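Each of the next two complexes has chain A plus one other chain: chain B in the first, chain C in the second.
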Partner chain A sequence: MRILQNRYVTILWLALAAIGSILAANAIANLVVTTTSPVVTAERYRAIIWSVGTIAFIILGSVCVGHIGEAIAGWAKLSRAEQRKVFWGVTFAAPWIIGFVIFVLGPALASLYYSLTDYKLGETPNFIGLENYRILLSGEGAHGRRFGQSMYNSFYYALVGVPLQLITALAMAMLVNQALRGMKLFRLIFYIPVILAGGAAILLAWRYMLASNGGFINVTLQALARSFFATDFLYKGFIFGVEGFNGFYSGLARGDQVGPLIYTLPALIGAVLLFLSARGDWENSKRDRAWLVAEVIGMVLIFMLFVRALITTPVDWGMVLLAGSLAIAGILLNGQRGKRGSLRAWQAFTLIGLLGVLLVILLGDTTLSWEQRLPYIIGAAIIGVPVLFSMIGPWSRAKVYALAGGLVIAVAVLFIRDFGAEFGQRTIVPVVKYVFLGTALEPSADLTWLLESFPQSLASALWLWGAVALLLGGLAIANNRWPRAQRWVAIIGAVVFALIAVGSFLDGVRYFQAIDAASQAAGSPTYHFTLFRNATAAWPGENRVPLWLSSELWSKPSLILITMWSSGAMMLIFLAALKGVSQALYEAAKVDGANRTQRFFKITLPMISPALFYNLVIAIIAALQTFDTIYILQTVDTVDSLQSAVFFLYTRTFRQLAIGQGSGVSWILAGVIVLITVIQFRYSKWVHYEV
Partner chain B sequence: MKRVLLLALLVVLALSVAIPAFAQDESLEIYITDMNEATMTWYNEVAIPAFQETHPGVTVEMLTGGWGDFDASVAGWITTGEGPDIVYLGSEYAATFCNLLTDVSPFLTEEDTAPFLPAALETVTCDGAPRGLPLLMSARPIYYRADLAAEGADFVPPTTFEEALAFVAANSAVENGALTKMGFMDIGSSLFDSQEFIAYIWSAGGELYNEDGTSAFDSDATAQALQYMYDRRRTILPTEDTAGLPPIEGAAIASGSVISGIWAMWQLPPVSDPIWDNITIAPYPAGPDGEQVVQVFVDWLSVPSYVENPELAMDFLKFITSQENAVTLSQVAGYTPVRPDAWETLQADPVWSRILDVAAEYGRGFSDIRASAELRPLIVEQATLFLTDQQSLEQTQQNLKEEYDLILEENGYLD
Partner chain C sequence: MTTVTRNTGLPLNEGVVPRKRPGLPRRFLNAIGGWTAIFTYLIMILASLFFLFPLAWMGGTSLKTIQEANGSQLNFLPAIPQWENYAKLFADETFYRSYINSIFVTALVLIGTVTSIAVVAYSFSRLQWKGRNAVFYLMLGTLMLPAQATLVPQYVLFHNLDWIRTFNPITIPGYFAGGAALIFLVRQFMLTIPKELDEAAIVDGANPLQIWWYIIMPLSRPAIATITVFLFVGQWNNLLNPLLYLQKPELYTMPVYIAQQRAITETPIPWQDIMASSVAFVVPVLIVFFLTQRYFIEGISFTGSKEG
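So, the complex of A and B:
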């Protein structure tokens, strides 16, 4: 027995047992399958030898890892007995650790390295710094443009497809949650598409069903439309809406300018949120909502600005100050609110961004002279020094002054530098005109200035998003300390933003008309909103049908339709959650006079919110990784409008053998998924967990 | 004890690495894409035993797979340096995989290459050196249903872009916002194919590259090819919201609703089908300054650069592409031989005879397409924008030219 106590003997026994199992399996295989083929025999021996070798490697590796664990335990001054425990624990965990290092961590690090090179299969990789990222994120050349479009497509699947999928799954779950005979069969029927959906045969069947001429879906839709005038109106409205939306999205995805419309969305969101803040009494929920929106917009903005600062050629040092100013504002707001975790995250985020910019400027772009580099270094110092100072010791008034000082200097430098012709003429002047309805009252024939204001313009709405974030953040911080002033700020802000939204929308429409006219006058267009114009020029005629998989306007909705059909897995999760909702809650609500809608929104939805949150997170990740359906359904006509970021990654890596850029795509995609998931978890207060 | 055990484990580990290396004796792995069962049986039961008889001690194994996972498989083989000794490739792959394939010229004599069609040999050549041997060819002429053509007995295959547009106009019909008759269908069952676009540049008298190696997409021939494809699309589909034909079961040319098109042989009825009496085979129409062509694709067998014994691989290639085996493969697998001395049997069949005659007279190999994997999506993207009225002809040509030049530069084709 003593010999068994020796750790190496135990390990040897385990190794011999594993090897013996393999040899025994081979002996059985020899008995069952008899072959005289020398190739098969050689392959079998090779497999055995590899298996034995692999086991030996795992055991040796595990022992080594165990010893490392033991040494660390010794270094941490644990007792001898505890060191032995650590040895065994780590040794038995080591096969997984080794597997993780070899098959996950190693390749991941290798791909990170490759993403910084120009590696093409069969050629020697050369280090090119962030060039791949710059090309991809700035949309440069054919690959950059196609990547941008594929990201737009992926976001479409996430933003349009996921909500529709969730609604379908929840509706199905509520249907099959009824106490009726044969309900198990219905559950099975609804779940079957999950098993079938990825299969090539089923996707080919969908191809037939989605055929524009004579396909099952169009025949059914047309029959429904012809049955009653109201359904005909809905059918045509559906075609008009889908084609109009997708035509617009297609123009956006191809990078065409939308002119003054860039201001409409942030102004509208700002107006609505500020109006909601001003309406009624100030409550904690309002503060939380204002803070949440401000923080999400702020983080995304800073992220975008730092990315821009990293990829723009030549890099604009103003970006460093702009991103840094917003970051300081975020740090200040979090510090004042006493949110220690958020504060640390913002500080780290800011420093990583600054470090990235400095690395690019000092090491990445060797063509820059020291005179050109100096503004970046000064800019980084203006932001970085107060941020570093704010990280030392507890939050104090001195830190607030240091950060506020940095913020004031940065904003002042930006103001002096940019409030000239560039920013003032392009951005402030039109926006001031919107506020006073100046442009809305101008004769529509006078479009010269409008076209000149937005010629593939540098005008950006980022500052307007920033203004929305700052106003909402300010309201959250003030938290009704000065109720009258706060209400007036919110009302005035809401009115100003509403005017900007209306003015920019009207100008946006006129901008589109002007571009259209210029494009028509030139004979043939170079204008990707043509699809939008054609789709919305007239109400669909008598024989119009959805063109599903044969048109750019319908390809993405087709794919979403298939994912909706196969949302049975989500349905099951919803069903389990619905079954967990206590009937007592519904009965109590009924007694209090709540109707069906109220019961759904006030009881069902909050109670199943953990399932909803889980489905949301998983569905968004899956949507951003869409691949196989596209691979099977794409045609020459729709490949560009369908391809997701993962499909682009596959094409670039495996078809075009550009491993370096393909690796860059995978890291960008990983970053986007992590960012979205972190934001989802960070702002998941709406999820109600029962204790 | 501790040392002995560790030593024992180390020995096992070393053996596990060393023995497979010794175990790799004279063996050949051959990967052929999309091989059917009859072909696989012929290889395993006839060809391989015959080869092994002349090469004692050599074991040969056949592998097959689809085009779907082909790119990923090849990337894996090349990355790991371990894969089949002979890999089946399509026409355009010579330029894509050039650096990753062995220059096999040391193993070829003039006698070995003389029987092959020069265009086929050109397809397997990259940077002036052959990378394997051609196995089969697929000529893709235009097939016309003469019996259904609106011109009736007067039907003559169009020879110019102008005539082709008139033919498509006369033979296409739209009713109730949907296509009921299609004058022309492309190989991808769509209205446009990137390979066909290149063919029209050639038939318009143009080339893909200038003498200095830069792209010639700014040429008049490219403009004519694009304009022809645009006019044809507008003739068939008057508006972009017109629905296409209903799904077609079986061969499109036999459906009665498609009057002409380009298809591979496997998309057409068997040559024994009486429908062939009504099918006219002709080359592509030409532009004002060009000549008619027929695109010929050559599938070939290559030797990757990681192969340790390229001489043995070449022995097998010479064996499998011999006159005798080329004739047998044409019967077993339906391959069209790339060596005219194996055409005798095929020419006895009137359909094959017509295809071969057209290929011989007008054939142009789909070869020397540089950075083809990157060119195809570029053509699809830019031509689609033009064909769907989102981009002008000039802008399309400019984008094609600028971006393809950039791709050529990135891939080392330009100095």
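So, the complex of A and C:
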């Protein structure tokens, strides 16, 4: 009997008993199921028997895990009493530990492996390396395109839907927060949609109400619009605006060429940032915030450029230089400002990106020749060597010069590569002219040239980002030595960028007109921003109605309407935060003569910023994960314009059983979610936490 | 925000000798807080209409005839309420089978999940053991991992176990304390129970299991109630998992049954039947919500303030 008292024998017995209880449950369930009918009754019996078996398994297994914990505590030379405590603690925590191993850890590792294979359910998996990720991220083939579309959709929800949702929720919370009678009832009413919105039933009701022809909402809207000329104007303006915006967005999502408009955004961002940096002094908090924005945009942009360099392997090595030059500008700025933490983060981020590119170039794709690899390696060296150098030892002037040298070389190489030929032929003049003044684009009747060759020549001209990087780097260096010169650099830079923004916008309009004219002359329809052109061709007529769920121009607004309707949970979180704001603050502000707007922006908003931040993170993640709503509301025409990443995951994995690619999607999704959370926490300095 | 201090309950003319008792309209106005309040109420009522309308529309349609449901849709209520829509519904075998399936699955999930969460939260809050914090932070870390990361391999796992087209994939994982956020919520609550209670029980010779059952569980009732209602609503509404695993009309739960109806192609669409089944589906959730709304509101405010 002595041997039975041995700890390890106990563990063994318990483990065997636990497994035995599961096997017994399985055997009994199979026996009962085969002798019972109908199917549903049999399956209910099976579920009950399995539940009993699982409970036995968990109890026995938990005690077993508890003993294992105790044994480990024994090896760690804990006292006898401590060992006992560990036994009880682990035994109680064991249901979660066992579940974690079976349902989270094991599957997560398995899916990491599946994502590297072409596994389809019922077939043997073949190892195919990063192929799944490449297809998904580069938008290759039908599946890659659909995944890209789902990412565009999520971006739309984050950009348009989440702010609208936050505003609705905050407005509701502020209404309910007033000290009036009956507010508890209204709070209840505002919250009801949340518990319903998760369910299929109410979504079907929405589908019914949103029917474009004779649906309740459209009938009501039309009746309201016809009652008064101003409401009629608003109604038509709403239709016009939504269709125009969504038409443009769906063109973008489809990859239609925007022509010179590609400059407008970087130029505008550059102009605003430079303008802000020219005002005030370095200690000014407003400017600090401006740099924060610059950092976020920069980080995201660099990340995207690196990813492009990673997935379009032999196509464009310029991306490495672009991403790298922006990263160097970031390092310089943070180094000069003496922000050590940010500096280290930027350096690490840059090196990881470069390492990723090099790994893929050297090991990932064996079909590449050394000639194709060389530009990547040289590019990585131009960026990587100064960055590495800047990481050793304290920040010094030598490091500034090294980094600045790398930055200048990178941008110069890019510039020569893209404009060297034109420079030789002295044709750079039209390029400069068109960038600044929007006059160089000669209307051409050649549709192919307009749609293919011309955008190609522009795409490489993303060197504008390089110019932004160069200016930021220059500012960083000027900061400590010549403060006055720095201000002038900033002002001149802002003016130049503003000119580029205006010029490229005007040229973009001309570009669209040229395509229009050319396609009309050729008598063939173009598919260039078709939806946008149709939507904005004329002011909506008398009988136009919002098409809601039956058109891809309206499907996303419909979804956003429903999320706004069910933003009661956010309201409750805002409400809890609002109740926590001390009335004394408002009283003091009133005494100082602050008006309502000032009190809202200077007291309420900063004081509830933790709740705002929490809601923001949750809402953006939820936008990526929407499933039920899309499943119920989609139609054949709108499914592509509605689908979220999770919905794509569902169709790819469970309709087409492509487990390998589905796993790839889920890991990309997990990566994006973690990235969003990290970025948001890293840049949540505007959040005011009361200590 | 702006009217917080208006309604202090003090008469505005305090200290002045009242001349005459104001008339009824004036007294009514004062009682509800003046013109600003009336304006606020107006906005609130309009907003309430927006929030409640889909529900009301659902109820109204469920009593219409098929002609009314597909006709001019500004009629909110039917001319004659068609109660037999509901009679017809409960005579339909596929409907009540799905309904009972839903109740069955929800009950099993609730029992398993709530009990196991209470056990695990107890270990993370009341028991002192070396390594507890490491395990606890590991658990919080799983909050970062989106459920979708394990959705696909779990499907493969259940496929290999031959569990597809059974209730097991939905009911069994619950027994393993699923839901880190809920464990966290209960743990935070259990931390607020005075330590002396456990100590007294230990002196009396109770073991941790007895302490859990006789002391902690009765005192944790509000937290347990909160997670129960959360889980109930979540499970009752859950569409994705039943859709993935049940794959057989006999096993459908209500969300899947209702979701199937969106694809009905017959014309005219029998909206009144669809809405009647929707009403039947929504009613339990609404009842539970009205009975337990305190827990909902506290629970959500709590998670928001603790995690944010």
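In this text, the second predicted complex is superposed on the first by the 422 of 691 C-alpha atoms of A that agree within 3 Å, B and C clash if a C-alpha of one lies under 4 Å from a C-alpha of the other, contacts with A are read in each partner's own complex, and residues count from 1 in each chain.
The rule is short, and it goes like this: a residue touches a chain if its C-beta (ideal position, glycine included) is under 8 Å from a C-beta of that chain, and two chains touch if they have at least 3 such contacts.
Source: prediction; values computed, not measured.
Shared-chain residue A:121: touches chain B and chain C both.
In the superposition on chain A, A:577 makes contact with chain C only, while chain B stays out of contact range.
Judged by the touch definition given at the top, the superposed model places A:654 against both chain B and chain C. Shared-chain residue A:59: touches chain B; no touch with chain C.
In the superposed model, A:257 lies in contact with neither chain B nor chain C. With both structures placed on the common chain, the touch criterion links A:214 to chain B and to chain C. In the overlay built on the shared chain, the residue A:636 is in contact with chain B alone; chain C does not reach it.
Contacts of A:190 after superposition: chain C is touched, whereas chain B is not reached. By the touch criterion defined above, A:50 lies against chain B and chain C together after alignment on the C-alpha atoms of chain A.
Partner contacting the larger number of chain A residues, of chain B and chain C: C. Residues 38-39, 46, 50, 54, 121, 207-208, 214-215, 631, 650, 653-654 of chain A are contacted both by chain B in one complex and by chain C in the other. Across the complex, chain A meets chain C through its residues 38-40, 43-44, 46-48, 50-51, 54-55, 58, 69, 73, 76, 78, 82, 85-86, 88-93, 95-100, 102-104, 106-108, 110-111, 114, 121, 172, 174-182, 186-193, 195-196, 198-202, 204-209, 214-216, 219-220, 223, 565, 568-569, 572-573, 575-578, 580, 583, 586, 596, 599-600, 604, 610-611, 613-615, 621, 625, 627-628, 631-632, 645-646, 649-650, 653-654, 659, 662-663, 666-667, 669-670, 673-674, 677.
Put simply, chain B touches chain A in their complex at residues 1-2, 5-6, 8-10, 12-13, 15-17, 19-20, 23, 25, 27, 59, 61, 68, 71-72, 75, 78-79, 96-97, 99-100, 176-179, 188-194, 240-241, 243-247, 305, 371, 373-374, 377-378, 380-381, 384-385, 388-395, 403, 406-407, 411. Those residues of chain A that touch chain B in the complex are listed here as 6, 8-9, 11-12, 15, 38-39, 42, 45-46, 49-50, 52-54, 56-57, 59-60, 120-123, 141-142, 146, 207-208, 211-215, 218, 254, 522-528, 530-531, 534, 541-545, 547, 550-552, 631, 635-637, 639-640, 650-651, 653-657. Of all residues in chain C, those touching chain A in their complex are 1-7, 32-33, 37, 40-41, 43-44, 47-48, 50-52, 54-55, 57-58, 61, 72-74, 97, 101, 104-105, 108, 112, 116, 119-120, 122-124, 127-132, 135, 138-139, 142, 144-157, 159, 166-168, 171-173, 175-178, 183, 207-208, 212, 233-234, 236-240, 243-244, 248, 250-251, 254-256, 258-259, 261-262, 271, 274-275, 277-279, 281-282, 285-286, 289, 293, 296-297, 300-301, 304-305, 307-308.
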